[in-house]
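In this document, chain identifiers A, B and C correspond to the written order of the chains, with residue numbering beginning at 1 in each.
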Amino acid sequence: MADLAAVGYGLLVVALVVISYTLGAVAWLPDDPARMDMARLNAAPGPGHPLGTDFLGRDILSRLIVGIQAYFLPGLLAVATSLALGAALGVVAGYRDGRAEALVTYLSNLVDSFPRLVLILLVIAAFKADIYYVMLVVGITGAPAIASLIAAKIQFLRTKSFIEAAHVLGLSTGVIVAKHILWYNCAPLLIIQATLGMAEAILVETSLSYLGFGVQEPTPSWGNMVQAGANYFFQGKFWPSTAPALAILGTILGFHLLGDGLNNILENKSAS
Amino acid sequence: MTGAPVLAIQDLRTYFYSRAKQAFVRSVDGVSLSIARGETLGVVGESGSGKSVTALSVLGLVGGSPGVITGAIEFSGGNGRRNLLQDLGRYVTVTERDGRIVAVAKDEPGWRAQLERSMARVRGNEIAMIFQNPKSSLNPFLTVGQQITEAIRLHTPVKDPKEAKDRAIEWLERVRMDSPRLRFDQYPDGLSGGMCQRAMIAMALACEPSLLMADEPTTGLDATIQSRIVALLAELKSELGVTTLLITHDIRVVSRLADTVAVMYGGTVVEQGPARDVLAPSVPAKHPYTAALLASLPSAQKNGRPHAIEGRLSVIRGEVVDTMDVPRGCRFYARCERVTDAIRARCMSQEPALATVTTGHRIRCHLHA
Amino acid sequence: MVHSGHGAKVTTKLAAFRRVGVMVVRELALTALLLLGVSLVVFVILHLSPGDPFSVLLEGQAPGQAARASVREALGVPTTWYGRYLAWLGHMAHGNLGTSIRTGVPVAGEIVRAGPNTLYLTLGSLLVTLLLAVPIALYSAARRTGALARALTLAVYLISAVPVFWLGYVVIYLFIHRLGLFPLLSATEPQRHSWLYVLLPIIVLGVANGTVSEVTRHLREELGRVMTEDYIRTARAKGAPVWRHAFKEGFLLPMTEMIAAKMPFVLGGAVIVEQVFNWPGLGRMALQAAQDRDFPVIMGIAMVAAAFVRLASLLRGVIYAGVNPRTATE
């Protein structure tokens, strides 16, 4: 089925990313990302350079692998922030209806009013172009959506007297929330939101580093690789710019397919 | 009643293929019905008996795959007599084994295209249909008046909006809608269920169709409103004499409105005949299912005098037959309480044919064969 | 309550207008409340920034601390945070968004000058996105299965994951270097089709703003859902054109919803596209401002962007109210 294929591809991408991150972290690379092979500038994929070289003769594959460092941990920060904040808000809104729920809706609308990049530019202007600050903001802006989902889930559980029964059985609120609501019932939802959130984070990081606010040369990041290679685009040398672009495409696609595929499978399961 | 019947359904089959269960749901499995001019035929049965699907098949409103596969639907409306399923046979190939259809190949786009062409003049014009849940069956984004005048301008010579509006209001008055001019400009949301159903009836009849099909018109309405709608339908019947196919699971509605009755079970007609013969408890010749249906009615009258309901309501034991795994013999066998040893073997292995018991009254049962 | 004739019609129409009116007022109030929240967020971010950007905002660009203090005293600029916030709100209410730290030019004027370029980009690309999404959604709603439907779904996912900055380069390369269409008319050799160049950014942003897959999916799902509604079955049974009945709930409302919901994403994408194409709009201005830490400019643009998003949302609410007087607050 199409959904399984999507999930399969998505998991493959996640695995590749994690492996590559680890390789990059311990510097176990096929080639030195800073080594300039002057003989072969802007080379297409070939011997010694499976993904070719960039305009300074550096191995693209190694640079792509190291480039993951730029978004991996920050992305996790964004995801963790939105999940934690979203879960907290969602639980509060779900437990007390009316006013708390209206507040979450208001916060959602508030956060959605900003084009994310504009808000990020605002933060960069106010503080500094630190990717972790930015990812914190990304996480915060992603929280209300998660809160709504969790609050809705809690309302649903309420109608099934699930929560009431748990209380009556003597379980403490903390246990109910953490174990029964969040883990048993919301885990799939949270996982899906995590994958989608990671996709967003990667998009943000690559866009920012393209714009020049992320890691600076010579440290590679997929965004700045596209930007740096762009000049050579017009000379007919597409590869230095296109290889990282394809990496971005493939990775974001992977996380999207993973999230949506899991979502579809989940919906089909609850429908049948 | 002279002349050709307005509607004569012959051996209609409408199947749906379930991919999950890898089998056909035989919703309508060889149904033949006919309605004479001016007559009201009541089709009764439980949910799943195929009665609604039969009506939907007449107008080509069946979704799902493969849908209608065999049969003829002879219709004599204002434009002469014709088979609504004519020329459609070439889109379907059916494979039978042991007298049972086991495979169907249907060119659905071709069928659909041809069907839409032939149905274009029929829907709403010669055959009108009203549905249950009237509130959700009306477009919530348009006023009641807009929906009725749309039908009038589509199917009658009246094209001028003003004239159409007058005609619509005239019909709203005929269906006993209170404040028709006010209701004309209201959205379905502002009307009660009963009023919405009146509006639907007005919309259907304003085009003066040759046949009205009413699919559970009282289901989904409050009990008191139900009796009002039934009263309205009875009045309209005597005033207008519209030929009607009335589908319902409510025997009281059928006994009030129908001239002839067909009882459906498991996708087939198991009994049909004049209403008084089929429904009167005193008539002995009855299909066991019909007998059981009638017996399960709580009756607050005994010998013409109101009396307290005593004892338990009788129920029909067992579950509705699975139209996927249709049993070999009689479909009702598993739940029948009138099986005798003499016929048991036949009940189990051979499906009975519809046999005439008295003039116009036929029963599908080995007891009466 | 018995009404008759003309009077009855007026009463119903009036009642409908009143309901719609109430809904619109509610939407306006909500928008105002949200914009207030937005201004507070913007203010807080700047307030927390090290280096007190606010004084510069309110007091102008006097050279030293002492000079600024005297300006502050002279102008009576408040010192408490809420005082400053209110002062800033007051300034904005009068159309004063401060002056750019870098150029000294009033921000409001700059925004008005560059705004239409970004407006063109935003609306144009939304149109492109819809031109892409609508046919695909209509086709997928009609044909749920089949190789083409699946291929389209995959294609839509791919399109949504393309980095917009890279696509920009590809398109520029194709147009300029392959087709030889330059953006500027040269005095000696006027290029015939160079006006096409203005279409490039909206095509790029329309295709690659990342929302195509969600828009397509929403339109397809809503249309599919509406087609199974009871009232569509009634429309079919009465021989009425189905599209006329399905249009409002199956097409118009979902479209409006998508336009309003995806507006912020398109605006965000505009920042990048303006950079790629060197387009003189608010996005490019915002980037410059972020680099220069030019607070008045970035704050002004943030407020304008948020206001625009809320305006789109307001219009969506009005359309919902107008189309269906019953559920105007969906």
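Observations, loosely collected:
By definition in this document, contacts are C-beta pairs under 8 Å (C-beta built on N, C-alpha and C of every residue); 3 or more make two chains touch, one makes a residue touch a chain.
Please read these numbers as outputs of a predicted model, since none were measured by experiment.
Interchain contacts link the chains end to end along an open line, per the touch definition above. Farthest chain from chain B, judged by C-alpha centroids: A. Centroids built from CA atoms put chain C at 52 Å from chain B.
Chain A and chain C have CA centres that are 24 Å apart.
Chain centres here are Cα means. That of chain A falls 56 Å from that of chain B. Contact of a single residue of chain A with at least two other chains is seen at no position. Those residues of chain B lying in contact with chain C across their complex are 59, 61, 119-120, 122-125, 128-129, 131, 133, 136-142, 150-151, 154-155, 179, 181-182, 185-187, 189, 200, 203-204. By the touch criterion given at the top, residues 2, 106, 109-110, 112-119, 121-127, 203, 206-207, 210-213, 223, 226-227, 230, 233-234, 236, 241-242, 245, 248-250, 252-253, 256-257 of chain A touch chain C in their complex.
Within the complex, the chain C residues that touch chain B are 2-5, 8-9, 11-13, 229-231, 233-240, 245, 248-249, 323-326. Taken in their complex, chain C has these residues touching chain A: 30, 33-35, 37-38, 41-42, 45-46, 48-50, 53, 150, 153, 157-158, 160-163, 165-166, 169-170, 172-173, 176-177, 210, 213, 261, 264-272, 275, 286-287, 289-291, 293-295, 298-299, 301-302, 305-306, 309-310, 313.
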